[in-house]
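Next up: some structures, all given as structure tokens.
The two complexes that follow have chain A in common; it is paired with chain B in the first and with chain C in the second.
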Partner chain A sequence: MAQPEGTVLRDPEILKEVRPAKMPRRPIVENDRSFHWITEKVCGIVEGKTPIWWWIGFCVCGMVASFVGVGLIYLVAVGTGAWGLNSPVFWGWAIVNFVFWIGIGHAGTLISAILLLLKQKWRTSINRGAEAMTIFAVSCAGIFPLFHVGRVWFAWWLFPIPTSNAVWPNFRSPLEWDVFAVSTYGIVSLLFWYMGMLPDLATIRDRVHGVARKRMEEARTVFQRKFEIFYYGFRRYFYGILAMGWRGSNRHWSNYEMAYLLLAGLSTPLVLSVHTIVSFDFAVANLPGWHTTIFPPYFVAGAIFSGFGMVLTLMLPLRSMYGLHDLITQYHIDCICKITLATGSMVGYAYMIEFFIAWYGANPYEGFAFVNRAFGPYAWAYWIMITCNVISPQLFWFKKIRRNAALVWVVSIFVNIGMWFERFVITVTSLANDFLPASWDYYTPTVVDIFTFFGTFGLFGVLFLLFLRFLPLLAFAEIKAVKAEADPHYQPTQEDSA
Partner chain B sequence: MSADPANISGPRRDRDFALIFLIVGIVALIASLGGLAYGVHSEEPRYFLGWLISTSFWLSLGLGFLFMIMLSYLFDAGWLVVLRRPLEHAVGGFKYMALIFLPLLLLGIAFAENDFVAWSWIDEARITATGDPVGEDPLYLHKAGYLDSAFFALRFIFYFGVWVLFAELLRQCSFRMDREGDPKYVHRARKLSAGGTIVCAIAVTFAAIDWFMSLEFHWFSTMYGVWFFSSSMRGAICAMIILGFLAATYGPLKGIYRGGHTYLLGCLLLAFTVFWAYISFSQYFLIYSANIPEEVFWYNIREIHADGTKNSWWWVSMGLIFGGFLIPFILLLWNRTKFGAAVVGVAIWALLFHLLDLYWNILPGKVWDAATGSYIVRQFDIHWMDVTTFVGIGAICVWAYLVSARRERAIPIRDPRIVESINCHE
Partner chain C sequence: MSRKYGVIALFDTAADIYHAAEQVRDAGYQRWDALTPFPVHGLDAAMGLRRSKVPIFTFVGGFVGFWTGMFIAWYMGAYDYPLVVGGMPYFSPVFPFPVAYELTILLAAFGAFFGQFITNRLPMHHHPVMNYEKFASITDDRFAIVIESQDPIYDESETEALLRELGGKEVTFIDE
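Up next, the complex of A and B:
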């Protein structure tokens, strides 16, 4: 029975026998890095000179992102026929891309909110990057349904604004629920991301003067000096405004912790509801392959799977380039790999049970939809999906593979590819071969489809690179808080003192 | 291992308790076996279903405990270690559960033609709710290969084989760790848990399909296995809270199981209450929304009679929504209800609704009524058979627990995370 506080407990006899075997938990920060080292390392990314690779990446991503603009302008000019939609495939790449990006956007909130509630301290090294990824992925996702409405200038009709025309959205449609779910999710994720950054932004703000002095000393030409003066002014106000007067007082920290916890509590049902509603987009339709009751948890598991895949894709190269091995340790990679393995297996379970019930249910249309997926005209897509989503993550069972960063990265790419194909398989195979064989058609995307989707990777890249350059990549205040030294009961050993 | 009787898990007089529970269990089960015999004689399936409901309740708790043990290893959860030992004792009862479940299988096969057997597909001559024999039902004919008695029995062996195997292996790892203190047992348990989670999840899914879903063999839902998992987990967490309370009040966890543990268990109960509701609602919503006859009838009979008037299941459904979800959900949002007697009260309440949920899933069924030429829905009732079987199986489970507890330490004294667990705080 829980004892009220202050009660003096009789020490149970058995406690005298307790002799735990030695199996220490793996450190979250390796090589016993000091608080100062952590601050220098993370702030150094924002304060140091812009690396050449950043400029190259930014230019390439910027060019690729321009495809989005061109593709969308063309689409608006000529209509949604510019996409490869036909009868009966009225949903093509647009919905596939939407679900793909939304899925990626799940890892950030999962890491920040759900892992926080589960008291998983390792989240601190990767949550910031994942949250940024969430927001940029949601931005990319929003483009597709927005332009899929055809006349994008009427997209505001999706909101229930009373108008003189009395145009009301169909509240019974999950597509309408998406509008609220995704926009709420985007806003709360943004708040969560920004609020979590406050202590780190304040640290960068407080370092602006020192950094400016150092950079000025290194400036050689008049132009460089003038640039540094301008840059100093920019940074002073940019971080000053963003830090919102954070002083790190007890009251600030107390309010911050409470707000962070509340936002985590709010975000958790939100993140689960978003992909549940996305799954309803399909599952409420009486279409074989779409109407299946396991869709909600299966879509959520798939979203977490794809989100963690993208976290690995992004964080592994950054870890290498910025030398963050002591902060994003092998332990973190192991944890992410294991979550990817678990969620990949859940997705595999859903594929298996869908197939089984399609047969067990004895509905010939349902049975056909699944056999057609595996052996019909889109079998190539189906088997890519199975290979990437079910088979490739099974490699993470092996420690040797988890310890090989290059291999982990390759598997993460497979996960990204596989999850795009999963949405393709669900969307296109069920539509292309519907109830009326006379209307069957093979769906092929157009160049506009391909380039617009390709462009969103550029857009995502541009946003992420800007984030890298101007905002703290790792939540260093939180990383310090989970170090042993931050514990009020911490007692340094003799080695530490030496 | 020390033979000091003060350090064993059970209370000092647990030998007597174990014997009492064993006697009660045997007596109650003998009464239930009499019920089964009468059911066979009177061709009344209610006796069969009574046994199935009670077995499923205790089995679901065992399955939830098994998953909790495996998840605690997989997550390397420190706080749960002191509670893991009671769970290890509890899952020792799986082998007896297999024996207790066996009469249903044997009677089902031996008296297939008897209406007493609620799995109607087992007899091709049985008249279905549409008035036609099972053997002429196109939906049955399609899945006859799966719903085959021999294959069904094989699957039964597989399910219990898997659960008993993993439960025993994990128990052995933990008990040996106590004696030898070698971390290799923890590593072994982790590996077992990783593989076991997948195999047990598959076994749970198909067990739910075989034992519950096939009661109405026309009906199907891909979510059903997940529902049984979520329901079992929720029930198991409730049982853990009650078990922890008893062990800390009367048993060996006095002064060890504290507020931190109850708080975290309360949080888990909140999470799984929401998860169970999410899964149940999603399944309902998608079937309601699609409104396809071969699916939606399953919910219809849980609401209305053939003539469209409300039946007793409608009230049970409302009870599950409000009593099973809403009340525990609201209560558990408060920090205060995650401690002390409050959390135990919520756990008992939720556990009762877990039982009701099993009634709701297992008992309703369409029965052909030759007199009216239509079907009637089997209504909600609590049969004496339910009570005796529930008490009988429960007493056997407690007996198995006490026998196991008598032999081992009260807590895993050599576990690497034991100190974290003893010092657990919210």
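Up next, the complex of A and C:
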């Protein structure tokens, strides 16, 4: 190609004299680790020996996950009455758990998409784990509405596929919108997650031979050697196929980065719309306490809040177990805590405004619904919600608390609990005490409800542990790209250049 | 061995490959590539690449998605099996909007995802540059420029000399 005209303009003489100002910024990677160190560190998680705690965690989660299987088999055999659903509460834990899990997923998309568009470089250390969390949380969420339909073998009627009796789904129903929103969300999150992983999978693929050689040397018995041969073959094909032949070509990076940016741009309206549509499940119904316009923004803020809580719950233990302190630094934890604080305060504000509007709207039914929430039979749940969601994140105003990883972790657990109770309060209080006092009832879940929900944590754990073991936990190609040395105009420090 | 695929040179830093790419571009090479472990900012311009074509796929996907959503709601609710539900109209552009919106995003995301694979000619599980014995370092921490022997102005000795001159380390030939 001939010399483009732009070159002259791009490098005017004056630029050679200009020295960029030194801006003291928190480094994304601490202790000035090299590119190779980052590769070794993250690939080491997948390539090294399986830690004992992984096996313990896997067995425990597997056993807990079996509760889902047993709970669902029992439910299908007996009917949805096994879930403690009866007049007037026909929406119980199933919907609560669905919204809870879907909400958790939202932080993953927020971190990977919205923070990418906002050029928040710190996202690179946590986005992969958070995206994995999203996908597994959506899988857990999907179980509940699927089985809540009662005859789960007819669940495919929800999709616009011609059935034998020619009836189509009802597009006027928010529950049908949910089908589209949640399945789109699951699929797009999966595409985004996988595409982000391509370069990292290629790195692991290229290291397979070296790793196999090293492991073979360490193998002592015949059995171990046989296993290593099998394991080598598995890894060769597993990573080879998944990496799609990625070779780091810049012609590829150019298209890849464009596609990644577009996926981020698409995921942003997606993540906002998904919880908006989930909130429509409630807001479109003509029921006091549900029929409010504040629901969409309030649900989205709550979802991001709960998701960041879960990110902290997962990433803090992983950070210390794998020694990732240089990659997930205190700066990252500060950022996550601050977002948790901001969204938690938004949720608190929404609780306040709901009460205000209930009074200001002068609708006696609406007013009753809210007074009943705070002081009625479910007051205990309401105050757990307020304590966990509004009060506990306020601790993150203090630097001292944000620096105490154990305390941050405890607060993150409170956030998870609080957000579950929020959905419980919204769903159950409005239904249990409806327009006609004669039909009021006190809703209690059954043991099937409790065990099934408990089991989903096991399922989530199993999926997440498998992810840790086989796929790159941190998006290390992206982490390298945000290091100062990755900039072609990077100037080594003055001592070096002198 | 048989024919040579091309000549490859390794570089240690992002700055090195950036400046080398500018020189290779200005020397007039067409069939060449820069291999990097992560996207190097500005390298597209240094290589003289044009803007990616992926957005076309995304737009087509989104466009098809939106109208598919609207169409299925009209076809199923108002044309194929009209059914009165809650006294609402058979079709209105308002209520299927969430469905059309989600399908817009879904198909646009498919467009971006598969558009990336189509424009990049992937999956291609084997490529001649993978014959290079130090290929693994390119997905780790080193950068490479490879010039194909198919390039119109490729000349074995001259191209090799150019890469050496640009500061390329370990300049070697790759077999087809």
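Note that in this section the second predicted complex is superposed on the first by the 469 of 498 C-alpha atoms of A that agree within 3 Å, B and C clash if a C-alpha of one lies under 4 Å from a C-alpha of the other, contacts with A are read in each partner's own complex, and residues count from 1 in each chain.
Keep in mind that, in the parts below, a residue touches a chain if its C-beta (ideal position, glycine included) is under 8 Å from a C-beta of that chain, and two chains touch if they have at least 3 such contacts.
Just so we're clear, the structure is a prediction, and the values are computed from it rather than from any experiment.
*Asks:* Tell me which partner A:295 touches in the superposition: chain B (first), chain C (second), both or neither.
*Replies:* first
*Asks:* Please work out whether A:206 is in contact with chain B alone, chain C alone, both, or neither, and reply first, second, both or neither.
*Replies:* A:206: touches chain C, not chain B.
*Asks:* Name the contact category of A:246: first (chain B only), second (chain C only), both, or neither.
*Replies:* After superposition on chain A, A:246 lies in contact with chain C alone.
*Asks:* When the two structures are overlaid on chain A, which partner does A:27 contact: first (chain B), second (chain C), both, or neither?
*Replies:* A:27 contacts neither chain B nor chain C.
*Asks:* For A:283 in the superposed arrangement: first (chain B), second (chain C), both or neither?
*Replies:* A:283 sits against chain B, while chain C stays out of touch.
*Asks:* Of chain B and chain C, which one contacts the greater number of residues in chain A?
*Replies:* C
*Asks:* So, A:191: does it touch chain B (first), chain C (second), both, or neither?
*Replies:* In the superposition, A:191 contacts chain C only.
*Asks:* Residue overlap on chain A between the chain B contact set and the chain C contact set?
*Replies:* 1-4, 10, 269, 280
*Asks:* Quick one: in the complex, what on chain C touches chain A?
*Replies:* 13-15, 17-19, 21-22, 25-26, 28-30, 33-49, 51-55, 58, 69, 72-73, 76-77, 80-81, 83, 85-86, 88, 95-96, 98-99, 101-103, 105-106, 108-110, 112-113, 115-117, 119-120, 122-127, 129-130, 135-136, 138-141
*Asks:* In the complex of these two chains, what residues of chain B are touching chain A?
*Replies:* 2, 6-7, 76, 138-139, 142-143, 146, 177, 181-183, 186, 194, 198, 201-202, 205, 209, 220-226, 245, 248-249, 252-259, 261-263, 267, 274, 278-279, 282-283, 285-287, 289-290, 292, 294, 339-340, 343, 409-411, 413-419, 422
*Asks:* Contact residues on chain A for chain B in the complex?
*Replies:* 1-5, 9-15, 17-25, 117, 269, 272, 276, 280, 283-284, 286, 291-297, 345, 349-350, 353-354, 357, 359-363, 397
*Asks:* Hey, which residues of chain A end up touching chain C in the complex?
*Replies:* Where chain A meets chain C, its residues are 1-4, 6-7, 10, 34-36, 39, 160, 166-174, 176-177, 180-181, 184, 187-188, 191-192, 195, 199, 202-203, 206-207, 209-210, 240-241, 244-259, 262-263, 266-267, 269-270, 273, 277, 280, 477-478, 480-481, 485-490.
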